[in-house]
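First comes the structure, then the notes that go with it.
Labels run A, B, C and D following the written order; every chain starts at residue 1.
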Amino acid sequence: MRSYAFFALKRLIQLAVVVFAGTSAAFLVAHFSPISPVETIIGRVSGQSSFSPAAIESLRATLTELFGFDEPLWQQYLNFWSRFIRGDLGPSLIAFPTPAMELVMRALPWTVGLLTVAIVLAWLLGNILGGLAGYYQNSRLLKGFGVIAIGIQPIPYYITAFLMVVLFGYIWPVMPISGGFAMEIRPAWTLDFILTVLWHALLPAASLVLAGIGTWFLGMRALVSNIVTEDYVTYAELAGVRRGTIVGGYVIRNALVPQLTALAMALGGIFSGTIITEQVFSYPGLGTLLIRAVNGGDSGLVLAVSCVAVIAVAAAIFVIDLLHPLLDPRVKVG
Amino acid sequence: MLTTIRDLFRYNIEFRIGSILVTVIVLYSGLSFFSPYAPEQIYVVIPDQPPSLTYWFGTNSRGQDLFWNLSFAFRNTLVFGLIVAVLSRVISIVVGMTAGYMGGMTDRVLMFFNDIFVALPIFPILILFYFVLRNDLDTYTLALIMACLGWAFDARLIRSVALGLRHREFTRQATFAGMGPVRIMVEEHLPYVMPIIFSTAMANMIWSIGFEVTLGVLGFTNLNIPTIGTTLYWANSHSAMLVGTWWWIMIPVILIILTFLGLFLLAVSINEHIDPRSRLRRMGGAE
Amino acid sequence: MTGPILTVEGLKAYYQICQFGQHLEVRAVDDISLQIERGEVYGIAGESSSGKTSLIKVLAAATRPPLRVVGGSARYDFGGKGIDPTTASEAEIRAIRWRHLSYIMQGSMSVLNPVRRIERTFRDFAQRPLGLSGAAYRDRIEEHLDHLRLPKSVLRAYPHELSGGMRQRVTIGLATVCRPDFMIADEPTTALDVVVQKDVLSLLRTVQQDMGASIIFVTHDMSVHANMADRIGIIYAGRLVEEGPTRTLFTRSRHPYTAHLVASLPVIGDTRPRPALEGRPPSLANPPRGCRFHPRCPLAIERCAREVPPLEAVGQRHRSACWRAEDVRPLLIPGETGQTAMVQA
Amino acid sequence: MSALLEVDAVSKSFPMGGLLSREQIEAVVDIDVTLLQDRPEIFTIVGESGSGKTTLARLILGLETPTRGEIRHLGQPVGAGRFGAQRHAFMSAVQPVFQNPFEAFNPLKRVDRYLASTARAFRSLTRRAEIEAAMDAALVDVGLSLEEIRGRYPHELSGGQLQRAAIARALVCEARILIADEPVSMVDASLRMAIVNLLRRLRDDKGVTVIYITHDLATAYYISDRIMIMQKGRVVETGPARRVLNAPQHPYSRLLKASVLSAADAGQGNLAPAQDLFEASQEALEVARDSRMIDLGEGHSVRRAG
């Protein structure tokens, strides 16, 4: 057990480094943005009513101090970290003065929920079907799945989402294609609300599953067609072990180990895909928020979303890595 | 090499379909050089014409002939994908082969950075770049950024192959025949890595073009350059689906799916060619 | 019960490969006939890619494309229950697996499922054929492990936690737990260290004698055959070229290939120079005409290149496929020091 | 008589587990070997897996650095990872022979390129005719000729030809010492003797010293002049090969000998394990830390407790 703690510690350090590098990079990129949030706010305020130049000047000074832009870069960087650790990244512009972090936290559950459901479904379905297709290579049905998987695998997230909208929004309008829940239902833990959330999540989730399942299917099929030539599978077949046991306990079970690693590696990409999908379906998650922030010139919010995205993905990878030794007894922990 | 391609073409249906699709798309994008209209010209033909013998792909609401306009778009998009693929291949070969061949501390350090790149969610970062650069984010800058972000996954693949090669006896034979590390990597190991480089290059093009399309659709790119992404952006901004100019959206979508399918089939078939076990399976299955 | 437990007649199994439009036929098993008696250890010797692995694949009913049985038959006789592994249905084969016919694989890391404890593997393999459950099943397994001098703790272990020798003893335990009538052993001690190798062989031999089972034992290592087998069949390029009792083959071989194999074995205490066999084994896709050994054979005459020598009796239970079987003299008899008998070329 | 190669009280340990772990595996402990310049011989190192024999081979080849002790070639220390002229001179004199002939050459490259590269790198030959002459001479020494090898890919040659070509490659740079780590463990019986006999001939005709590393006592007996038996990183017995193997003194050596399956008693089914020797050698292993080598005369020495 001590060795497992060591293993976890090592992963935790890696997680910290990823988060540090990612957020630092995001900070620096955002810092060099030509759009100053101070001027944006001033422009917006002064556009509504007329102020004296002195008042604008004092507003500018106040805002500059509020954002800390009068200090040298390294000081700003340290401030960024000290505030970031307290979960404060300044006010947002698009919903001034709501803190950027609050908007992000409001959007996060939607994204996490959608992503988790879509990943679990795509990963499980893809792996089970792919595993069966790899083992029963002569099944016509599974060969058909293979052709379909090859057809849909290369289609990017944006296009699947877009096709879904076209199909169910214009050609056969039976499903909601925008928003996270029906407007007339108040957000609360009621059955009605949960149902409408599920109903609205169906299309975005389906489009994510569709975009992701092909990869898992094909990856698993390739893995399994190698694993079936392993000695332990041959040996179990020679011993007349039940088919189901061989497929489940010998073939698919062993292929899941590399597929779990692959999931950790693919998570960043899937997250990017989710952001795009949300935008297409106007889903109230991080993606939509990010696009709104960009269009509104809200650099603080863009920074906040980017940082939270880096942390969320790194944390998810960390969790998957921790599961790894549980799935594979051979992993050297320590 | 040539005979391998010929044999693949003749006996591997995935490779055949893939190469035909890619060739057709490449030829089509090459037609842009003969276009009667410059890509930035608008209102040169009657707007909103459905596909016909005169306008094969129809015309859009901005008065452009989609056939010629899309040929420019495909050329730009393919060139973009190619630049990303080539640049990121260079990085991943250098990192992957060095880590795999040197092993030890070099390997650990390189893979540590590699894993950071793998873990970064790329899309928010790209958007961040757009946010900073705005219209300075042209195709080439974007290609450079994507190449810097898109090598890590494949570097790991190349490393694992190089790591296996390092422990093969012929590597020691080469060392004791007086060959230096660079010569061993380039002459002895690179041939084994080449097929992976080809197949990941295809996958990488799909990946980078996918992002380019997405950024374009969202308007996060220079909208004056015709690419698949900007084409879809203009179609959306003119509500093409609502006003019934469906061809403005569906034709590029179908073409881009065909492109992806072609690239993907090439990647899959080359990959299968690398793996002797699945090849044996194919041989057995061909009764 | 009398009569052989396995009768193989004129068995032919080819790899039929179709790659890039070219058809290739590799004659891995080409017209092999042999019989294995009850309680006998029959050794199959041959170089790599001589077809010995393909032969046991057929006998284990594990023929998969591109390997195909194209002729002949094999017949097991399990106490009146006859079954032909080349024609039997999937269900018929499953009914005899492990109860009557079991298998010991080459001792490598990957024979046991790496993510299952030994216990689970035992249950997967043995519970159905034993037809036991609960305490009765447990007792049976533990009793069997005791018999093999294996500690009970191996049941809780994962394969990677065991040493190579221990893993191989576990696979022998797996293969014998249902007390099968016939076992196929494919290089079971290759890759083991000498001390462990002898230990594992001795275990296998003891269990086999206790159960009265037959074993077909495949290895390229003639010194293992010398100590393990009752009878040996020598395979060269897909054909059985000589067959006889172990002692006879080592001292009075009637095939030049066997004579070479025996003579090339170094023995501690014997300093005589050992001859090497020049040339390379033939390609099974395009074997030489006539006797397949003739290009490397010191005794070859013109007839050898033309006609295939039949496998014929040359002594008691001793068969050889050589036109010049009468002229073959042992090059060097292990254990006898002194003058070297030369081949009369 | 001056020393060709000295292995002087060499030990090697590897850290076990992660960076934070302090556990060490002692792969090789206190090994002494001296090979003399004007007495070419076949020096055999025998051991099971985990005995440290392969680590020792890698140490001698300079692929690992000793934790303690030093390896000297002609009085000069051998260093791992060194590139300069010293390493170069060492590599031209000490060359490996590989385990698996089918793996010894890159399947995608012609075999002769390795011989030519060796001639260029270690003999400083530049003219094509000189290079080819050097290649041909080395190939003739192993019973081949340049004509048979020129322009051929590995798959076009037989296992025997490949193994000979690999040995010829080592001879191109006029190596004085060949390190052969299990050169016959993966080849078929008919090829095994061809290689072993070739090593013997190189010693006799070319004056090449061979360090033959094997687990197979029978071939060791057949070709070696001296033998060294290793158990878990330590030498337990060393001396003239035939003297040692005819009457081994250490329990582990006796266990190894007793475990050899001999063809001499073919058909006797002699498989009884030597349980007493096994236990004795385990006991010897437990006290190995407090033991030393005792000289029995004629260069034969054995590890004894105390």
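Some observations on this one:
Keep in mind that, in the parts below, a residue touches a chain if its C-beta (ideal position, glycine included) is under 8 Å from a C-beta of that chain, and two chains touch if they have at least 3 such contacts.
It should be emphasised that the depicted structure is a prediction, and the values quoted were computed from it without experimental measurement.
Steps from chain C to chain D, minimised over paths through touching chains, total 1.
Core chain by CA centroid proximity to the global CA centroid: B. Counting C-beta pairs in contact across A-B and across A-C gives the higher total for A-B. Chain centres here are Cα averages; for chain A and chain B they lie 23 Å apart. We define each chain's centre as the mean of its Cα atoms; on that basis chain B and chain C are separated by 52 Å.
As a whole-number value, the distance joining the C-alpha centres of chain A and chain C reads 56 Å.
Rounded to whole angstrom units, the spacing between the C-alpha centres of chain B and chain D is 50. The part of chain C that touches chain D in the complex is made up of residues 47-48, 164, 193-195, 197-199, 201-202, 205, 220-228, 230, 245-251, 260-262, 264-271, 273-281, 334-335.
Within the complex formed with chain C, the chain D residues making contact are 48-49, 158-160, 188-194, 196-197, 215-219, 221-222, 242, 245-246, 255-257, 259-273, 278. Residues of chain A that touch chain C in their complex: 230-232, 234-242, 245, 249-250, 253-254, 257, 327-330. For chain C in complex with chain A, the residues that touch the partner chain are 60, 62, 93-94, 97-98, 102-103, 105-106, 108, 110-116, 120, 124-125, 128-129, 158, 160, 174. Listed in rising order, the residues of chain B touching chain D in the complex are 168-170, 172-174, 176-179, 187-188, 191-192.
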